[in-house]
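What follows are several structures.
Both complexes shown next keep chain A, but they swap its partner, so chain B is in the first and chain C is in the second.
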Partner chain A sequence: MGYALNFNLIWRHFDKLWGGLLLSLELAVISIAIGVVIGLVLAVWYVSAGRVVRAVIAAYVEFIRNVPLILLVYLVFYGLPTVVDLAYSAPTSFVLTLSVYSGAYLVEVFRSGLEAVPRGQLDAGKAIGLTPWQRLLHVRLPTMLRITLPALSNTFISLFKDTSIASVISVPELTFGAQWINFNTFRIVEVYLVTTAMYLVTGYIMLFGLRLVERRFRAAR
Partner chain B sequence: MSEAPNAGPVLLDVRDVSKAFGTVEVLRSVSLQVKRGEVVTVIGPSGSGKTTLLRCVNFLESYDSGSIRIDGNEVGYREAGTRQRRRERDLAAMRAETGMVFQSFNLFPHLTAAGNIMLGLTKVRGKKEAEARSIAEHWLGRVGLAHKADSLPAELSGGQQQRVGIARAVAMEPKILLLDEITSALDPELVGEVLAVVRSLAEDGMTMLMVTHEMAFARDASSRIVFMADGGVSAVGPPKEILAAETTNERLRTFLARFRASHF
Partner chain C sequence: MLSQILYALPFLAAGFAVTLWVSLLVVVLSLIAGVLLGVGLVYGPMPLRWAVRIFSDTIRGIPILVLMFFVYYGLPAIGLHLPSFWAAVSALTLFKTAQVIEYLRGAVGSIPKGQFEAAMAIGLTFRQRLTYVIFPQAFRRFLPPWINGVTDAVKGSALVSLLGITDLMQAINQVIGRTYEAMPLYILGALIYFAVNYALSLASRRLERRFSFIRE
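After this line comes the complex of A and B, so read on.
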């Protein structure tokens, strides 16, 4: 078997990969930011709400977690516009999907963190006369954050990798760029080696950054 | 009933308070008064309702019937007799008037010693950061931890954490301090430093209602001792009377005998 590796063609089209990586990061950052807001709001609502609200939030989480992301992406991009009168670009559609998707995972992370805050700390907050909002803001959320940071980092990195699914609706992110180079150069091994390395390195840089944040918070334990 | 020589008017007035968790009656028509400047100690077997009583006094637990008043104000409910809860903001304001120190310290782990004390001062008392800081430093000095102001709870020993817990409570200038077995979670060699702080607060005239298993401390520091059994007040009196071995109260005698057997 004589397949000689030749990366020249890859470097010639490297801008496709680099631009793709930047777009992947952009998709991830925006979706995660929206997902964090969804997750926080729903988690806080969940732990203080009655049965009905809890059931609705739980249903959302269950639904999202049991449907493959790629299907949700198809549903929102091809399905939704036929039902409601909406027109959006593929990247917007994907951000919408990934936000709702990450929100469901983050509700779970935040909810379990909120529930893990020791009751004694909440009692102490009450005892010094903090109002419910103040207890949430100054006691429960900071402690929850410290408890959930490791799980949060893992979720963020996994969501970053999930941006590769945007390639199925032709969003020119990193995986799509790799496919484009593959179709045009047939250097399949080289292009996917380089792309894999780019996902790995980016993932590690993210992980490193998040671990630094974690360490700072853990020092405050 | 005898009382502390310098005790003022009734500050805490608990009348006929009952409370059940589900079908379990935990408090049965408990009545007790604490006068301004008094130190009242609650003793009793495990499960007799001591913690629950303390938690009702600052409404960390609601109670089913009866009335609790601090300085004439009904605790938790709008009026005596009604079971209409006060609004959360009023409950919070009311709780700021009672300090509580917990068995398990319950410091906020993300805040330094000073930060733990400052939180209530800034958010509840509306003090400026600088003023809150100087109050926190004053109280940390009082409990012998001036040099630990910027340490996180995890960097402190149990005894030090509990002294911060006390400082956090008294810095709010509460009308009454509630202390629930505050030395039970400590190694024996750390108990003394915490009790010394409580004693000095008592000498300053702080009104206290405390639960403790430290009988020697209860005898020396209390104006009166309340013995609880089965959710009710079984005996009240000055320490010498209550802790006397020849007491006629059957349950108290059993409790003390068991206590002596296990602690000496």
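After this line comes the complex of A and C, so read on.
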């Protein structure tokens, strides 16, 4: 052993971790928001589209889901600017990647939710004279959201953890802050203990918040 | 451009072999550890159940990357010196084990309690009850999510590149470092990962369909 825990240096540089956590959350929230839009639009389009559109959407979903996120992050940050005339910062690049990545996972979640909406509900909507647009907005989407909420919570928390990959392109989020302290103070065990605790606490706060939302909507049934 | 990539192919193939080797180790080791701990979670005494529950919830609650850095940089500090390859494999195995525990809990939990009690009533020992009654039935619930989880292991293995291990991901980055052909090589890498994982997820789906006719 011979390793004495000493957290002093961690607290002295705690702003690296705290600022990192806030940036992690920011990256997660923006990417998830864009991902939800991508996922909703493509899922609604998928269930009502013809074969060609379905094949294209399925190709997007399958491709993204079967490739490591770290490779996509490199591809967008180091690869893409060599073929298109675009300049973006590392955080923007990561948000772009995680949005497209989360979109693929969320299409799947929303699509299976849409397909689980009972037919009778849609027929009932038709029977009371709702237009297709109204049926989507007032019948299909609310029912789908209620069905998908548990899967949605898990996906959101998983995406929050995925923000740690941003550290590989030097985005100063929580994992990057932990590495900085690791290399500069060598209080290795301490910094990863604190970082682990920060990820866990944030993740569980998110989980409990989302469970509350789930319970609220289940009660409304 | 094409000649440079062709020139790099054997090097990429060697990296790909490392990716497969890491994935295989992680999948096999986590299957053994996960099934043992999963049985502990479902049937074990209270303290063991709590220990496994805390282990699983903690490990699954942190990013794999953080877990990997923790194991790689942290173990030497407490006097355990693992080569980077084994540090990476241990970290990925820890994470996968937690997932296998949950698959097993879900699969075994779906078997009606009466099955276990009936097996007990006809005098089977605990091990016999598991091997002859519970596991054969739980198997079809366990297999599809587990195979799906294998694709996660292959994708997760790309993180070992960050510890300087020359897997497919690292091999691609090194070839790019020499040829500056970033986009073609990243796309090539993505296609290789895709081919492996898509084949696995097709297998998972086929098994799921095969087992779906059985009703309780």
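Heads up, the rule we're going with is that the second predicted complex is superposed on the first by the 221 of 221 C-alpha atoms of A that agree within 3 Å, B and C clash if a C-alpha of one lies under 4 Å from a C-alpha of the other, contacts with A are read in each partner's own complex, and residues count from 1 in each chain.
Assume a residue touches a chain if its C-beta (ideal position, glycine included) is under 8 Å from a C-beta of that chain, and two chains touch if they have at least 3 such contacts.
Please read these numbers as outputs of a predicted model, since none were measured by experiment.
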Which partner chains sit in contact with A:182 here, chain B, chain C, both or neither? Use first/second/both/neither.
second
More chain A residues in contact [chain B versus chain C]:
C
Based on the superposed arrangement, let me know which partner A:51 touches: chain B (first), chain C (second), both, or neither?
neither
For A:129, select first, second, both or neither according to whether it touches chain B, chain C, the two together, or no partner.
first
Let me test your reading of the model: by the given contact rule, A:138 touches which partner, first (chain B), second (chain C), both or neither?
first
Partner chain in contact with A:200 - chain B first, chain C second, else both or neither:
second
When the two structures are overlaid on chain A, which partner does A:146 contact: first (chain B), second (chain C), both, or neither?
first
Contact residues common to both interfaces of chain A (with chain B and with chain C):
none
Give every residue of chain C touching chain A within the complex, in rising order.
58, 61-66, 69-70, 73-74, 77-79, 151, 154-159, 161-162, 169, 172-173, 176, 182-183, 185-187, 189-190, 193-194, 197-198, 201
Help me check something: in the complex, which residues belonging to chain A touch chain B?
118, 120-121, 123-132, 134, 138-139, 142-143, 146, 217, 219-221
Residue ranges of chain A in contact with chain C within the complex
1-3, 62-63, 65-72, 74-75, 78-80, 82-83, 161-165, 167-168, 175, 178-179, 182, 188-189, 192, 195-196, 199-200, 203-204
Residue ranges of chain B in contact with chain A within the complex
58, 60, 88-89, 92-100, 102, 104-110, 119-120, 123-124, 152, 154, 168-169, 172
